[in-house]
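A, B, C and D are the chain letters, set down in written order, and residue numbers restart from 1 in every chain.
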Amino acid sequence: MGDVDLDTLQRWLRTFAASVAEQRDALTALDAAIGDADHGANMHRGMTAVVEGLDATPASDPAALFKQAGMTLVKSVGGASGPLYGTLFLRMAPATGGAATLDPETFAKALRAGLEGVVARGKAEPGDKTMVDALTPALDALDAALASGRSPAEALRAASAAADEGRDATTPMVARKGRASYLGERSAGHQDPGATSAALLVAAAATAVAEQEGA
Amino acid sequence: MGDVDLDTLQRWLRTFAASVAEQRDALTALDAAIGDADHGANMHRGMTAVVEGLDATPASDPAALFKQAGMTLVKSVGGASGPLYGTLFLRMAPATGGAATLDPETFAKALRAGLEGVVARGKAEPGDKTMVDALTPALDALDAALASGRSPAEALRAASAAADEGRDATTPMVARKGRASYLGERSAGHQDPGATSAALLVAAAATAVAEQEGA
Amino acid sequence: MKKLLNDPANLVAESLRGVARAHPELRIDHENRILYRADAPVSGKVGLLSGGGSGHEPAHAGFIGPGMLDAVCAGEVFTSPVPDQMAEATKNIDGGAGVLHLVWNYTGDVMNFDMAAELAAAETDTQVEAVVMNDDVAVEDSLFTAGRRGTGAAIAVEKIVGAAADQGRGLSELADLARRVNDASRSMGMALTSCTVPAKGSPTFDLPDDEIEIGIGIHGEPGRRRVPLASAHDIAEMLVDPILADRDFTGGEGVFVFVNGMGATPQLELYLMYNEIAALLDKAGIVPVRTLVGPYVTSLDMAGCLVSITRLDDDMLRLWDAPVATSALRWGM
Amino acid sequence: MKKLLNDPANLVAESLRGVARAHPELRIDHENRILYRADAPVSGKVGLLSGGGSGHEPAHAGFIGPGMLDAVCAGEVFTSPVPDQMAEATKNIDGGAGVLHLVWNYTGDVMNFDMAAELAAAETDTQVEAVVMNDDVAVEDSLFTAGRRGTGAAIAVEKIVGAAADQGRGLSELADLARRVNDASRSMGMALTSCTVPAKGSPTFDLPDDEIEIGIGIHGEPGRRRVPLASAHDIAEMLVDPILADRDFTGGEGVFVFVNGMGATPQLELYLMYNEIAALLDKAGIVPVRTLVGPYVTSLDMAGCLVSITRLDDDMLRLWDAPVATSALRWGM
C-alpha cells in the first residue's frame, strides 16, 4: 500500500476532466433548474484548461501540480465554481509539505485543507445545498477508512460512495448559499450541480488511485 | 324598382361594419401571410368609428353620409386601407349630385367615382393584387346588369358575385402594390386582404338594397 | 401571447402616457397622438416631422429633440398615422420656415402624408415638402412595386437633416440633403423569429427552428426568401453583399454603419454581427467612420437584425457629429 | 436555438471584437477581456471598476466613459469574470487615488472580486475598496442566503459615483456614497419568458404560455414564484408593492425610477409599464424626478422587466444630472 504518486494525481485531474466533459450537459441542466445554466460549461472550460496546462508544463511535484491546477481554475472559470474549486486545489498545495509522492494520510490531509479553503471562501455550511455537502461526507469517509487500515483505493471508493450520497442528499435541501438560494423553497427537489461535480471529483480520485494500485 | 334611399345606404355601412367585425380575425390572418397582420384591426377600427358617427350625427343626405364615412375612415384607420377606403367614400359624395335618394345609375356612378379615387390615390392597376381587383369587376358587373335592366338588388348581387370572383382571382397573383409586393413571387398563393374586405363591402351593398326591395 | 399590457386596444395610448410621464422634455397631444419637443415651434427653423406605426420604438419618438425631429405622429401598431395628425403636427412645428415631412416609404405612410400635405395646403400657408426614404435593397424590382421600403436610413437622414435644420438651412436645401442622404444609404434585414402583433395575439409568420427569413422589413412581414439557419458570418454576407452590389460605398469620408436590432436580439449578438460586417467592409475597401449598434428601429419582439450603410460626404459627417439631444441619440449636449 | 453567432464558445470574444471596432473611445484588452475608457488611468481620479458575466448588454461595457466607469471586466455569459482580469484592470485604472470595485452581489462575483483585491494588494500598492450592490427585494430572507442580488441599482450607483469621482472625491468618500445609493435603492423583476444561454442552446426554464415568473434575477434564473399571466396593471403592483414595503421612498428630492427591459420586451410595453408604476408611486406619495426606461441590464433574450427605485438626496440628484459620456448613457457632453 504505497504512496499516491504524481502520475496518479495527474491522472486524477485528467479523469475528472473527462467525466466533466461527459457530464457537461447534465451539470448544466441541473444548474438550469436552480441556477443560471452554466455549471457544465464552467467546469468544462476550467478542466480543459487544467489538462492543457498539464500537457504543456508537467508539474514537478504534487504541490506544483495542485497550485497549477488551482491557479488555472481561478484564472479560467469565473462564477462561483472557479474560486471554490480553485481554492480547493490552491490550499491542497502547501498541505503536501512539498513531498514528491503523497502517503494516504497526507493526501487526505491535503484534501481536507482544500475543503477548509472552500468553506473559508464560500462560507457554506453542510446542509446549505452546495458542493460542501458532497465533499464533507467524502472526506469524513476517507479519514475513517484510512484510520481503519483500508488501502487508499478502498478508502477513496468509500469516499466516493459518501460523496454520491452527499450529492443525492442535496436534492431535498433548501439552498442557503449560491444562486439557488434566490429560489427559496423552490430550490428543494433539485440536485445541486456543484455537489454533483464534486462527487465526480472524488470518483475520479478513486479511479486514478485504483489504477495505480492495480498497476 | 325605386331609388336607393338614405336608410338603405346607412344600412349598407352598418352591414359592412358587421361583416368586418365578424371577419376581423380572418382579414388579419390574410394580412399576416403577405403583410403586417393588421388589416382586420384597421378595418374594424374604422368601421366602428363610422357606425359611431352615424349613431351620433345621422347624415342628412347620401352625399353627407359618404363624406362623413370617408372622413371618419381617413381620420381613424391609417395604413394603406384608411386613405383608400376613405377616398372611395369621399369621392362618392360629390358624384351623388346632392340627391336625396340615389337612382341605381347614380349609385353605380358614385361607386365608379369612388373606385377612380382609389386608383388615383393608390396607382394600382387590375392584376396588382389589391382591393382594385375586387372592385373593378364588381362595378363592371353592376353597370352591365343595370344596363340590361336588372333591379338594383339583382345588379348588386351580380356585382357581389363578381367581387368574390375578383377576390378569389387575387390568390395566384404576384403583388405589385402595397406591402405584399415586398414578398415578390412569394406573394402568390395568398388571397389579398384588401380585395377580401372590398368583396365584403359589395356584398353588404347587395344585402342592404335587397332588404329595401324586399321591404 | 405574453406581453406587458392591459387591453391591446389601449396599448399605444397607455404607452404614450408612460412616455409623457418619463419625458418632460416632450409635449404630447394624447388625443392626436403627436409628440413634440417641448419648445416647438422653433422660430425661424424648418420643422421636421416624421412618424409611422407604433412598435418600432425607440423610433420614432426617441428621435425628437434638438438636433433631430420636432415632432412625430404615432399610429397604431404597424399602421401609419392619419392625415389629421400629420396636418395638426405640421401646423404646430412651423416656425415660419416651413415643414419637412420625412416619410418612410410604405404605401400607407406615403398616402397619409400626401393627404396631410393636401390638408395643410388647404388649411394653412405653411410650406411643406416631403422626402420619402426608401433604402431597403431587399425589394429588387422596385419600379414595379410599392418601391423599396424605408428602414435603417431614416436614422442617418433624420439625424443629419436635423442638424442642418438647426444650422438654419432652408426647406428646399434640407429636402435636397434628405434626398442625398437617402440616396447614399442602403439597408437589408433578416429575421430569426417573427414578432407578435398584440391585436393579433400570435406570431405574424411561422418560422421553423432551423430557418430564417432574409430581406424582411420592419413590420413583421415575411422576407424575400427563407433559408436554412446560418452562422453569423454567412448571415453577414447575405446582408452586406446585396447592399454593396447595389451601390458604390467607397470614397467620400467613409461610411456610417448601422446594425439595428429588431427587438429581441441581444446586443452581444449585434456586436458580433458588426464584427462580421466590418470585416466584409474591410475586404471591400469600405471604411466605417461612424457606427451605431443597437435596437433603434425595432419590430416589436422580432429577433434578427438589419444592416444599413450610408456613404458620408464631409457635410454629412459634420452634421452627423453635431450635437443632438433626443432620448435615443444624444451627444454634444 | 436561433441566435446570431458562429460558435457559442467564441461568442464573447467575437462580440468584444465588434465592440472594439464600433467604439474607438474604448481601449480593449482582448486577451484579458477588459474594456477601458481610452484615456485610463485618469490622473488623480479614483478609478471605478465593475463587470460581471456577459449577456447583460449594454451592462456593463455600455457604462464606461467620462462620468461613469473607467473599466469593466467581461466574463463568459452569466459567469463572473476572474480575479486576474480584475487585478489587471485595477492596476491600469489607478490614477493615484485608488480604485473602487463596484460589485454586483452574486456569490461568484463577490468571491472573484475578493480574490482580485487580495491579488492587487499582494502585487501593487493600489488602494482598493469594494462596495457590493444588493438591491433585489425578491430575496426575502437575505441574511440566511447569498444575500440580495445586485440588479437595477447598479445604474444609479455607477452613474452617481462616477460623477462624484469626476469631481475628485476620494476613495472612501466614494465607497460611502456608493453604499448610500445602494441602500437607497430597491428592485424587483419578472419574466414573461426564459432566456436561452447560447452554450446550453435551450431555454433555462420552461414557462407555460399562461404563467409568469415573479422575483427573477438577471441571469435567467427562475424567480421566487410562478403566477398566472396578469395584466400590466397587476404586474406593476406585484413589483412595486414589495419594493415600497421594504423601504420608505418619500421625501428627499424624490426618486429615480428605472424600468429595465430584460431583453426581448418592446419599449412600447416598457413605457406602458412605467405608466402603471408611476400611477402606483403617485398613490403612495412618491415623486419620480428622474426616469430611465429601456433595456439597460438585460438577460439575453428574456422577455420581462425589472423595476428599480432609488431615493435621491440633493447630492445624488445633482450627481445623476452631471455630464456622462458612455455608449448607453450620455448627456451633458
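Heads up, the rule we're going with is that a contact is a pair of C-beta atoms (placed from the backbone, for glycine too) under 8 Å apart; a residue touches a chain by one contact, two chains touch by 3 or more.
A quick note: this is a predicted structure, and the numbers were derived from the prediction, not measured.
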Graph distance between subunit B and subunit D, where chains that touch are linked: 2
Intersection of contact partners for subunit A and subunit C: D
Between subunit A and subunit D, centroid-to-centroid distance (C-alpha), Å: 32
Inter-centroid spacing, subunit B versus subunit A (mean Cα positions, whole Å): 75
For subunit C paired with subunit D, centre-to-centre distance based on mean C-alpha positions, whole Å: 29
Two or more partner chains touched - positions in subunit C: 77
Where subunit B touches two or more other chains at once, by residue number: none
Chain-chain contacts as defined at top: A-D, B-C, C-D
Partner subunit A, residues of subunit D touching it in the complex: 53, 75-84, 106-108, 111-112, 114-115, 138-141, 144-146, 149, 197, 199-200, 204-205, 215, 217, 219-225
Interface residues, subunit C side, partner subunit D - complex: 1-6, 11-12, 14-19, 21-23, 54-55, 57-58, 62, 77, 192-193, 209, 212, 229, 231-233, 235, 263-276, 278, 288, 291, 293-295, 298, 300-301, 303-305, 325, 330-333
Touching residues on subunit A, where the partner in the complex is subunit D: 25, 28, 32-38, 41-42, 45, 74-84, 121-122, 175-179, 181-184, 186
